[in-house]
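Taking it in order: structure first as structure tokens, then the write-up.
Letters A, B and C mark the chains in the order given here, with residues in each chain numbered from 1 onward.
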Amino acid sequence: MTKTNPGRFFEDYRLGETIRHAVPRTIAEGERALYHALYPQRFALHSSDAFALDCGLDGAPLDDLLVFHTVFGKTVPDISLNAVANLGYAEARFHRSVWPGDTLRAESEVIGLKQNSNGRSGVVWVRTRGLNQAGETVLSYVRWVMVRKRDEDAPAPETAIPELAHAVEPGELEIPEGLDFLGYDFALAGEPHRARDYAVGERIDHVDGVTIEEAEHMLATRLWQNTAKVHFDATHRDDGRRLIYGGHVISLARALSFNGLANAQVVAAINAGAHANPCFAGDTVRAWSEVRAVERLRNDVGALRLRTVATRGEAFALTGEDGKYLPEVLLDLDYWVLMPR
Amino acid sequence: MTKTNPGRFFEDYRLGETIRHAVPRTIAEGERALYHALYPQRFALHSSDAFALDCGLDGAPLDDLLVFHTVFGKTVPDISLNAVANLGYAEARFHRSVWPGDTLRAESEVIGLKQNSNGRSGVVWVRTRGLNQAGETVLSYVRWVMVRKRDEDAPAPETAIPELAHAVEPGELEIPEGLDFLGYDFALAGEPHRARDYAVGERIDHVDGVTIEEAEHMLATRLWQNTAKVHFDATHRDDGRRLIYGGHVISLARALSFNGLANAQVVAAINAGAHANPCFAGDTVRAWSEVRAVERLRNDVGALRLRTVATRGEAFALTGEDGKYLPEVLLDLDYWVLMPR
Amino acid sequence: MTKTNPGRFFEDYRLGETIRHAVPRTIAEGERALYHALYPQRFALHSSDAFALDCGLDGAPLDDLLVFHTVFGKTVPDISLNAVANLGYAEARFHRSVWPGDTLRAESEVIGLKQNSNGRSGVVWVRTRGLNQAGETVLSYVRWVMVRKRDEDAPAPETAIPELAHAVEPGELEIPEGLDFLGYDFALAGEPHRARDYAVGERIDHVDGVTIEEAEHMLATRLWQNTAKVHFDATHRDDGRRLIYGGHVISLARALSFNGLANAQVVAAINAGAHANPCFAGDTVRAWSEVRAVERLRNDVGALRLRTVATRGEAFALTGEDGKYLPEVLLDLDYWVLMPR
């Protein structure tokens, strides 16, 4: 039994160390098709090679969140197998497009450590990078989790808390190489709205709902080679329920957001994300968005900073009088998208 | 909320207008694999590049119904989002093969309008074309739906009812470019029966049954980017059930028909189709066929006009004494297939 | 109704005859993606083209069990449609790698026949070969099944029972052409253990459990074009349950075995396999392995003979005091894997 991976505990992390995560993964047209079967995904840039060619690319790049999930999945055995809680994301930036046939691997640097006052667990901050087969960074993000200690008597490390940006600056957003929205076909894309048609504070109801089945979230989460037991093993929790991978809800919300944000072709950055309440099979997921900022990146490319909230209840639910998330809120995501200006 | 698509209502259609549907879609090997996972699909021409090469093609074309569903899915946001009923299909012809990597888009011309006497809805006829990235028509069909009015007081359009053929004529059936059945390997294809071995009036029980799960029909329907709420949202109907996309039943019936029609390699046309009763998860779908016509198209290629009926009950169910479909009948499809003569 | 395939009965088999199975199948990147969605598959050689290139191959070959299931599926309509029981496997050898885009077909030679004393059924032994589009054998195995007679009065054939090896000899194991483990990256592969780090008799608990859904096993089994009714039709058994294809459990167990056997990159042979008890949706499958032999094939390549047992209960379940499999045992598989030495 010594040959199986028990995962890392809090005292196993060293500030500054880099962990190379296992199992590189080639993602190709099959993963693209599955992404379209698992999520109601309609953004034209990721759906159509012809549309992407007309936008100056060599073909349809793989969906940004497909890249995120693949990189994230690689980190689970080293970062979150013994995690008690997934505390947050920050500074996620998509640096370059990923194409069918690319192979992704991941590395994480430990950038922060803080033992909890109870002495039984601690918080670990890592900066994770996803790399393609040429060694180029395609994605980077910071994530922090609460991890149990194996041995409560293990000494506490020196506390180091990284300084993290509240949001990626517009100037840091990367426009995919070659992207050109000058000849953009709004009719083919599905909606007429440009970046400058959106107003700060505007709220958009994405209208549609999707009821989730066990088979669907497990197919997705396995596809990302995410090994967290709670998603797959109905005997793991006392209530016999499988917890749905938070990233599954992110992808559902993003896909639903097509209705009202059809031209938000590229996810350029994720500023923050909270999985407010657990999601289970049988939940019907809806989403709404609020525009937080509208920026001009280039004459043809604008950026929207969005808050997209996924709920299992009615539209526009968020927080109660106590300032806490309402029980029907599943996800509160703060991110940047690119669209024709 | 003004940015989301509410769908068109009856008074939004103009006779003669052409609607370009959104979101072109590249379909490739991933969609082919999913088609084989979703339906018990065994027709050799679509299963094997090697078999297709031996039939004169450059490789296995994508399944004809996969093409149909992809094109149909594109039309939903513009044609049937506010549809009360899906009334019929006619004159569906598959004009040329679609290959992995092709990008499909769709256009519909409004060819008929008739307001209902209740003034609350009307019937819209459209002729839809699916086009590949070169702008070539790969599929065309007529469909008519009953659509609600937004405003009951909106004036009725002039009534225009198109004349539609009861069936595509044998001379109009397109043989895929390059197709050659002279060296056809019946053993590899699975059955010895040629077109001329079938007799008009002959009935074939396709024997097998498939019980449908929610996850399966939703994966399929999402893959076709069909956005109709009733297929995905368990809160949409009062009974909490999700209606299965009629095309899912068409593909199931076609795949089941392999058993007895293994050499019916190509669907060349659909003359008519009725979704006789709704299909739900948990239903076990069976199918039977009746031969309506046997035609010689070329020395090596014959055509069969088939009625294939999908049921959730016993074989050969169809209509009751009142001439109406029995409650166990799901689909009544009238179509042409090509097979070695 | 005479056109549908009723399957073969015991008296339809002739010693020495070769049956060419129908429906060749091209397997490509889409099937690879689905394999990763259906099973928690993480072996790096099959997950990453880049990793496979570093191991001397031209890219990631398709998973060995994906090849097994595809070949096996082709044989079902001719071998086991009327089978009462699936009795065993032997001498399964993987002869050469299968690559995305290859087309597989299958042939079976009848190598043994023995009518049962009750006169109502008999045992049929076949040696099946899977062939690629160049006619090269990629897989061969012996399987025997108990098949019903159509006519109890049909005369019994002369009894012929083939001699089968208890296990494939290490010298018969094929190392994939070009495979080179000299520069193997253990960190990327996920574990540090070489073949010589394993001891005969060592037991490994693979820890994780996967709860199976109906949609998942049906998607998988359809993907292999396996037509056995019991897997798909909930009305087929009196208890309304669908029996899960035994190969689905094999693939689940193999994928789970990553945890402790991450470097067992290649399945080279299957010596024997017993489906000890039926598996149904809702079962949570776990697995454990015992090392039966450790062999040196080449300086860089070692082989492990493994017994991997899949259970729906606790770890290390196997047989009771009566020597029979405990009811929680689903699979007992005896096979050879290749790993860096």
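Going forward, contacts are C-beta pairs under 8 Å (C-beta built on N, C-alpha and C of every residue); 3 or more make two chains touch, one makes a residue touch a chain.
Small disclaimer: the values here were computed from a predicted structure and weren't measured.
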Interface composition of copies chain B and chain C: same or different, split at half: different
Magnitude of the superposing rotation for chain A and chain B (Cα, nearest 5°): 120
Whole-Å separation of chain centres (CA-atom averages), chain B against chain C: 36
Touching two or more other chains - residue numbers and ranges from chain C: 28-31, 33-34, 213-215, 219
Chain C contact footprint on chain A (complex, rising order): 1, 3-5, 20, 22-26, 28-31, 33-34, 77, 101, 103, 105, 133, 213-215, 218-220, 222-223, 225, 227, 229, 232-236, 242
List of chain B residues in touch with chain C within their complex: 28-34, 36-42, 44, 47-51, 60, 187-191, 193, 198, 203-211, 213-216, 219, 259-262, 282, 284
